[in-house]
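Pasting the structures here.
Below are two complexes that have chain A in common, paired first with chain B and then with chain C.
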Partner chain A sequence: MSTAATARPAPGTGRRLLTALGTATPVYVLLATVLIALALTDPGFYEADRLLAFVKRAAPLVILATGQYLVIVCGEFDLSVGAIVTAGVVVAAQLYASFPALHWLVATLVLLAAGGAAGLVSGLVTTRLRVPSFITTLGMMLILEGAVFFWTGGSPQGALPAAFRALGRGTAFGWLPWAVPVCLAVGVGAYLLMRADFGRTLLATGDSERAAHLSGVRVTRVRVTAFVLSGVAAGLAAVLVGGFSGVSAQAGQGYEFEAITAVVLGGVLLGGGRGSVVGAMAGAFSLQALFTLLNLRGVSGALESTVQGVIVIAAVGLGAADYSRLRRRRTRSPDTRSPEGTTR
Partner chain B sequence: MTGDLLTAPGEKSAAPAPRPGRRLRLTDPVTGVWLAALAVTLLGWAVVAAQGGQFLTTTNVVAVLQNSVALGLVAVGQSMVILTGSLDLSVAYLISLGTLVAAQTMQSGGVLLAVLATLALSVAVGLANGLIVAGLKVNAFIATLGTAFILRGWIEDQYTGPAGQVTAGFQRLGYDRIGPVPVSVFLLLAVAGAAWFLTRRTRLGHHLYATGGDEHAARLSGVRTRRTVVVAHVLCSLCVGAAALFLAARLGAGAPWAGTEARYDLESIAAVVLGGTALAGGRGGVAGTLGGVLVLAVLDSVFNQLAVDPFFKNVVRGVVIIAAVALYARRRTPRRRTA
Partner chain C sequence: MRPRSAPLTALAALLGAALLAGCTSDAPADGPAAPSAGGSSAAADGSGDSDFFDQAEYDRQLELAKETPEGPKGKPWEQMLRPEFVSTTAYAKKGGGDAHLCFSNAGVFNPWRQVGLKNMRAEVELHEEIGKFTVLDAQGKDDKQISDIQELTGKGCDALIVSPNTTATLTPAVERACEKVPVIVFDRGVETDCAVTFISPVGGYGYGAAAADFLVERTEPKAKILALRISPGVDALETRWSAAKRAFDKAGVEVVDAKFTDGDPARTKSIVADALIRHGEIDGVWMDSGATAVAAVEAFEDAGQEVPPITGEDQQDFLTAWKEKKLTAVAPAYPTFQWRTPVIAALKILAGEEVPKEWTLPQPVITEADLDDYLKPGMPPLHYAMCGCEELPGFPEKWGGKE
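And then the complex of A and B:
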């Protein structure tokens, strides 16, 4: 317990600020650092259109991280979101192959509903059958990926009409990418949701399932809802990704780990009960900003993931240390260790 | 959390059993998974026979065994980490890098040096994982995901395709047989046996279970939990190194996709959980893991015989994994939960 040595009282105002920012402090520092580095590397980055383009690129990850946050904060995992994105894009293409005249809004709603349905299944299996969510959503990922490729004979193809792709790559009034207001709406919605009763019960469930249950929280329903919302978020991300980059078998590959990384980077505790949704979204933005920075710096695409790995470990390591210093709760360390700690 | 149905007689001290007097031993997950393996084999045999094929031929059985070696080695390592309450998501990239290092060193420096270099690489990665998890207190999921990213970047930056060359002598590890049994199966059995002995019969093993069951309690009882976690990660990586050596022998060269294409990270975790080991740690064992690996390998073989679409295999795989774990959970539920 090396943290004992560093547990000195912090000065008053600094401490208050840290407490206000909560466990997400490292991510705000990281985000600020990366944004400053971006400004130094390329002053043009902060021109309105490029900034908006950046937010547009970040939108799918932010939306996925928001959904993932809801699941993680109640003590579960959702590894299936990447597969849902892939499946969503392919389903949309198949949908348009069968009904070329389909209105884009209908197709979008179908994807959202399909994502929600996948989340519902994951949630029910996890809560009713008591399968650890890691395994449930891993299975769901295998099933969805297998089904998509099986259905399309191994190579998904097809085209998405411009009206459907507008959400991902089009702009409103000629300058505002649609993805930006969508992302904003999701962010505000999630923030309000976490302020509402549902958010509080969700946090309580993640913190201590038993205590939440005894205080009258319908633990099962709350958890299933979190999974459904994560699935819907993945469906929405599929619409954006499909619009942005078109149909491909790799559309959603790796998104599940990126989303989880973003959430954890945002100071959310794996195992549940701690962390804010704003932090999670900040984590997603930092990750995307980091990718952009590495790109601008001319770091080869290959080494990008190395840098990402180092920064993630460092940020979370710092976060863990800061956290125990702030709260002085070293006794909780067993819970933070096991990913399934609170679900048992 | 530490209810443990698995400890064989005479090993009560293996788990930090918080509830004394557990005499009820319902179906043991280890027997369960081996029975499941048997059932899947019989079912596969029946289905294949109904289609006019032959399932239980020597060639086929040998192929099933051979196919389970790589996943088996990784899963044995993975189960030691999971028992300790940790997790290792970096195994896939470590395998890839391991095959590359092995093949390249072998080309220039000989077999022994290559084996040593691969194992040294494994120890280094395992040590890094363990120290990040135990020392920096980074959640194992994120820590090993981070090392996985680091290794991936390294591989993608350094290698563009297959590299190195495995000597003909070393390839015998991948292809030779003693009687009908492939040599590599003995490698798996040796590693699994060592892991079983280590987890069940030594002090270190008891510490692994204790740490996984309840780290705080273990610490208070005088177990050096951090050291235990580090050792578990190193042992896991060593098993992965062995898998990398086997795959290098099999492929004849190092390949950047050797570990990632077969998704050894998630597959090994699935096999471990299929074998009745709790993801939260403290419960389960190597014997069950081997059963889990066998179930997956037999399923694969059945699908191959029936010429099932490879993508449909994934669907069934997912369903089987979820269903199996649901069964374990169900069995445990009535006694452990007071609704």
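And then the complex of A and C:
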């Protein structure tokens, strides 16, 4: 979280705290609220195995949100992650159809590499050809969806062996779903990454590309790396999703918007430059918890997207309002504050 | 004060919306349908009765299911129930030469259709008198199929086989084709009888009732049943559900959820896992098709629960799971061997031999007793056992199996 503050001209400690709180506080409040509501609705939710099952269910979204965070915080979008998940699951099934004896680790690495490659293409097209990432990744999504349809005829084919599926479905020591440590490792990794130099330059790029460039940041390389990491995250999510549910030609459907929702919910500013990766992950957990709550309350299926829509709009509205308030405070004294604001 | 209060307002609105959504529907019995729901009023709610319900047809199918079909034994794709023959001399192909058969396919968007198309192609290979076999794939799109049918009628086809994507929308296109070539409709129906013959198994009511009756038999009264349906608005599927609904209502069994899975394992698994969280336990699972039955079974296993009586279909992965996990199960089939029949019918029509106006094929149900007859080792998980393809050229390799 402190990375957000250090990337800009250092304000006073109080303001710095406020900046940090301003972006991520709502999501913690929301997460707490939903968790309390869950406890009231169904106390059984907090039994260890149910809770672990919840984390397992949330793991792909958390991983995707982490990847999406990296892209959003440097000022871009990645709409292709859902399609990468679907394509990953289908590719894994095709791999096993051709090489039935393939070791699960090899298949997993292939998916990570393939996801990274898709991210690399998106990143290069966005930075080198100057195609807006919204269009690039939308195109990538359509290309992959078309490819999946071409391979499969629109229906699942083949099967995934139990060894490969263990990561998404199996448990360690008979009680700990493998997805939980995987999710934890990604979280810790992303946190450390954001505290390292890379994180600082990523935030600086998102905040002001020109300023970052002038101060020696290799903007293009940073952005491309963010896309690659988002692709790798999607590849990993594909391993988990494929493991959880087996071959499916729609495994990743809707994940791109869930990931973006989670990131926005986590207080990350669309357009980049502000927000913490922990907040983004908390956003993912909140979203999954909210879905669980809706399910328990008897609201299901169709309304999930409605709720998601409300959340995205509300969270962006919240973020924008918050942002301009802080900027106004910093740039003007309260008595000269104009209604137009200064930033947008 | 506006800038200060805006975030709070937004947060309040957000939480309010979430809570509102949480409170509007507390009744678990009929949750809203999947997002894909649209069209008829029956489609808007997965648990409602169907616009497609037809009492006379329902009664007829339930009787047919008990009857013995006419035709060669061991070749169900040539058998027929209660045939009423029509003359086809008007369509007899004049002069010699090879026949050109055309097929407008709704698509191969599920494993059932993929196996079916393989059956049909293999059946075509059996007949040397077929010189050319043209297939156009509509990829599940009505508009594409309408233009496909138009294109095929202008291509010099001797007979046109149509597997319609949807019932109502394709009717005019089929009617226009009927004016030019003999048309054979199979699988899903259309709302016209202009086709020379309509080929289908007994039907959805028979299927749905067989599955529902099994669950009613194997569960206590007041049992909680989870119903999983593919998608709304397809007559072959709507009929299955409406028959099941009647059976459940009659027996006083509670359907706690009726959900649309889109035929997707990932979605199915989530739906079953959600249902288990919400209802604690489920006493039976009714499915309108078996493609996702294994995903449903897995959801119970992953939740650490015993798999309740479940209905599936004749798909290899489900039959294998049934055998290995000793499930209490039944598998009504919507047999893929019906894809062989249109080719046979087309050749009969072109030879001027009479065919039944409605060619009703038998629709066997796989039970515990004959599970082993249908379970074929070496076949891929998404193969349909009731393909009638064992004697066809290229079996089992063309179906993805091993000797």
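The rule we apply is simple: the second predicted complex is superposed on the first by the 281 of 344 C-alpha atoms of A that agree within 3 Å, B and C clash if a C-alpha of one lies under 4 Å from a C-alpha of the other, contacts with A are read in each partner's own complex, and residues count from 1 in each chain.
What we mean here is this: contacts are C-beta pairs under 8 Å (C-beta built on N, C-alpha and C of every residue); 3 or more make two chains touch, one makes a residue touch a chain.
Just so we're clear, the structure is a prediction, and the values are computed from it rather than from any experiment.
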| item | value |
| --- | --- |
| Which superposed partner A:110 touches (first chain B, second chain C, both, neither) | neither |
| Partner chain(s) touched by A:145 [first = chain B, second = chain C, both, neither] | first |
| Contacts of A:247 with chain B and chain C, given as first, second, both or neither | second |
| Partner chain in contact with A:270 - chain B first, chain C second, else both or neither | first |
| Touched partner set for A:317, first chain B, second chain C, both or neither | both |
| Which of chain B and chain C A:292 touches, first, second, both or neither | second |
| Touched partner set for A:303, first chain B, second chain C, both or neither | both |
| Touching partner for A:53 - first (chain B), second (chain C), both, neither | second |
| Which superposed partner A:120 touches (first chain B, second chain C, both, neither) | neither |
| Shared contact residues on chain A - chain B and chain C | 149, 154, 300-303, 305-307, 310, 317, 321, 324 |
| Chain C residues touching chain A - in the complex, by the definition given at the top | 3-4, 6-7, 10-11, 13-15, 17-19, 21-28, 31-35, 37, 107-111, 113-114, 139-140, 259-260, 262-270, 273-274, 277-278, 291, 294-295, 298, 302-304, 317, 380-382 |
| Complex contact set, residues of chain A against chain C | 26, 29-30, 33-34, 37, 42, 49-50, 53, 57, 149, 153-159, 169, 241, 244-251, 290, 292-303, 305-307, 310-311, 314-315, 317-318, 321-322, 324-325, 328 |
| Chain B to chain A touching residues, read off their complex | 1, 85-87, 132-133, 135-143, 145-157, 214-216, 266, 269-270, 273, 278-281, 309, 311-319, 321-322, 325-326, 329-330, 333 |
| Complex contact set, residues of chain A against chain B | 2, 125, 129-132, 134-136, 138-143, 145-150, 154, 257, 260-261, 264, 269-271, 300-310, 312-313, 316-317, 320-321, 324, 331, 333-334, 336-341, 343-344 |
